[in-house]
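Before anything else, here is the set of structures, which you'll find just below.
Two complexes follow with subunit A in common, the first pairing it with subunit B and the second with subunit C.
Entry: the complex of A and B
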């Protein structure tokens, strides 16, 4: 589904250049939930931004569904990939109603039966149609994140990029959103690429995890290996220990 | 199939469906009340409203025909018959000021509807696209800003010839650069926000993002800026009128009234004092209104 080969990315200014990603190789299967974990600045979000077209000028190759995305425009990518952001407060336009937010992608794609699709997408994320006339500041953070997820699935993409979708929410709402994401994946056969610094969240949702450190993938482990502590790299072990000690 | 529990809207549960119209109306009423709470901005609102009423109902309010000359009563002092006195041709100054509000509003209205969209378009485009578009637009803006606006307006009127419409064009040409700067600054803070990225990921065209996402967020500060601008526009229009390059006689324009009254100023103070007071009052009112609107619309001042 997504194959990333020797992806490197550096930001260069006049005086110095900084390497953000070096030699990333990942393979994500159709229908898989793949996690990226690591500390701040390890390059997790940068991989998503390369995929989403926010970063230009990376080296290496990225194939999505067998097609290279280096030449694909954002418009072509939008049919297969959508993204859910970390901050539910910044992800929705403050002066658009929920109806307008969900209507926009349908208008852009020129799709029919807009009203039915909007109501259906809302129902899928567990909101009813009375939310349609509301503005984002009139609903809670968890509900905003649900709207953001509805906006991501309304175009029926195959891949959803999740950029720490739960880290800005409180713990009980985190669980709701994670369950919602798991349900949606099962129902629509979605492929997830999720970034998180929280191993618990990753272990809950993802089948496989890539552990990242300083722009490199240290290790790719499955959930089972993670649960059993069956991991090779010392950095992963440190991360795991921290995750346990916090609980 | 549906194993996600639906979150019920609490208002819906009680059988009260919330429509957006009343809330929007309520919001407007609430904002208006908030605006009127501050005595300064309230006085701005009152004076601007009075100006609007004056302009709309000019024939009802004016006591005389503003163009009617009465050479038997030239330069008569304020009295019951002529509240603000008469000018050198015996025309009633009060009526001329009342009709002059139409000219002033006409200039403000035209300048604002020209300057607002142009400034917004240029500012958001240069902020959003960046690169050479930004450089090109901003250099042009710099050139316009570096001229004193009255001098630039004078040059344009001199080139186009005197007249009200030409004054409007000249003022508009000098008034758009600050608006464009403001819109650009706003756009720079917005263009990497998550909702703009989300729209890009949905395949929205650049112009869709500019019109539906970025412009909407620039509007509040732009409205404030334009309202504050109106005071400057009034003064520039009056200055052009004073120099004989704006509205042409016999059209009652406050600036040109002062200009013609200047020759008789020492004997007949009312020729200059009343139009001058009108200009001062109205530009002050627009400034106060702009301040009030800024407190209301600009979240950064809170």
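Entry: the complex of A and C
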């Protein structure tokens, strides 16, 4: 579904250039939930941004559904891929109502039956029509993240990029959102690429995980290997130790 | 010995929709221990922490039967008296070093300022003490870091600077409001170890405000669980896994686990009775 080959990315200024990603190779199957873990600055979000078209000028190749995304227009890309961000408050326009927020992608694509699609997307994420006239500040953090997810699925994408979707939420709300994401994936046969610093969250939702450090993928492990502690790289072991010691 | 006694603390905020009751009848005593206050966002845990130092905004109404720090009644303190308590006797570590340190002052000057406000010592002595303190919070090159600005250091270092700043006047109580939630997991542990070591060595009582149940289970002695502004359960930290209140249990169970994966995570169902 997604294949990334020798992806490298560096940011250069006049005086110095900084390598953000070096030689990333990943293959993500259709319908798979794939996780990226690592500490801040390790480059996990950068991979999502390369995929989403927020970063330009990377080297290497990225194919989505067999097509190189370097050649795809942003509009084509958004038909197959949508993104959900970490902070639901920052991701939703504060002066747009929920109706307007969900209407926007439909207008851009010139789609019909907007009202029906909006209501359906809201129902998919467990909200109802009464939310349509409200603004983001009038709903709770968990509901906001639900709206952000609704906006991502309203265009019926195949892939959803999730950038720390629950780290700004309370544990009780995190459980609700994780359950919702698992349901949606089963219902629509979605492919997830999820970034998180929390191994527990990753192991809950994802089948496979790439562990990242300083712009490189040090290891790709399955959920079972992770839960059994059957891993090779010392950095993964440190991360896992931290996670186990917290439980 | 009780360092701090709080009895029936109530905090309300004046809003456009009328009074909002944020903290209801919270009572606890703090001994020489690490006390955690946990709960979801909006449960009033930070508001309790701020009420102890009178840091809530002027739109708030704070009442209590008793709010006693040693011999001092905090409720009747005037501005001058509370300022002499803040920092010197009770200090507070904030969540995010990026927003809580002064961006236009070197970190070293901020630490020595914390000392010079409360003690009559020279600039030079304060600088020496600050460098020693930076060393104590495991900063490898204290002289160099002393002259750096907050934007030049990492988040973990920033939080250690903040700890240095709050510990240097040797207060009796430190209120730490989510001191590690802005940090990476690997850095989190280092910062907690440093905080732990300092409060134990210097006999400081700690109030640790957090939403992270797993963390407080390991780190603290006693836990107050707050829901909707009320303390619903007070329990020893190591007994948290056997908590009896359905809210505490619900919070514990909703955490995804590496050891026992469940396909569907249990979701908390809230009960109006908990607030009765």
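In this text, the second predicted complex is superposed on the first by the 247 of 247 C-alpha atoms of A that agree within 3 Å, B and C clash if a C-alpha of one lies under 4 Å from a C-alpha of the other, contacts with A are read in each partner's own complex, and residues count from 1 in each chain.
Please note the rule applied: a residue touches a chain if its C-beta (ideal position, glycine included) is under 8 Å from a C-beta of that chain, and two chains touch if they have at least 3 such contacts.
Every value quoted in this text rests on a predicted model; they were computed, and no experiment measured them.
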| item | value |
| --- | --- |
| Partner chain(s) touched by A:226 [first = subunit B, second = subunit C, both, neither] | second |
| First, second, both or neither for A:171, with subunit B first and subunit C second | second |
| Subunit B versus subunit C as contact partner of A:128, first or second or both or neither | first |
| Touched partner set for A:104, first subunit B, second subunit C, both or neither | first |
| Partner touching more residues of subunit A, whether subunit B or subunit C | B |
| Partner chain in contact with A:243 - subunit B first, subunit C second, else both or neither | second |
| Contact residues of subunit A, present in both the subunit B and the subunit C interface | 179 |
| Contacting residues of subunit B [partner subunit A, same complex] | 2-9, 11-12, 17-20, 193-195, 197-205, 208, 212-213, 216-217 |
| Subunit B partner contacts - residues on subunit A that touch it in the complex | 52-54, 74-79, 81-83, 85-87, 90-97, 104-105, 108-109, 123-128, 130-131, 133-134, 143, 146, 148, 151, 155, 179-180, 183 |
| Complex contact set, residues of subunit C against subunit A | 40-41, 155, 184-187, 189, 211, 213-215, 218, 250-251, 254-259, 261, 263-268 |
| Contacting residues of subunit A [partner subunit C, same complex] | 39-40, 141, 170-176, 178-179, 182, 197-201, 203-204, 223, 226-227, 238-240, 242-247 |
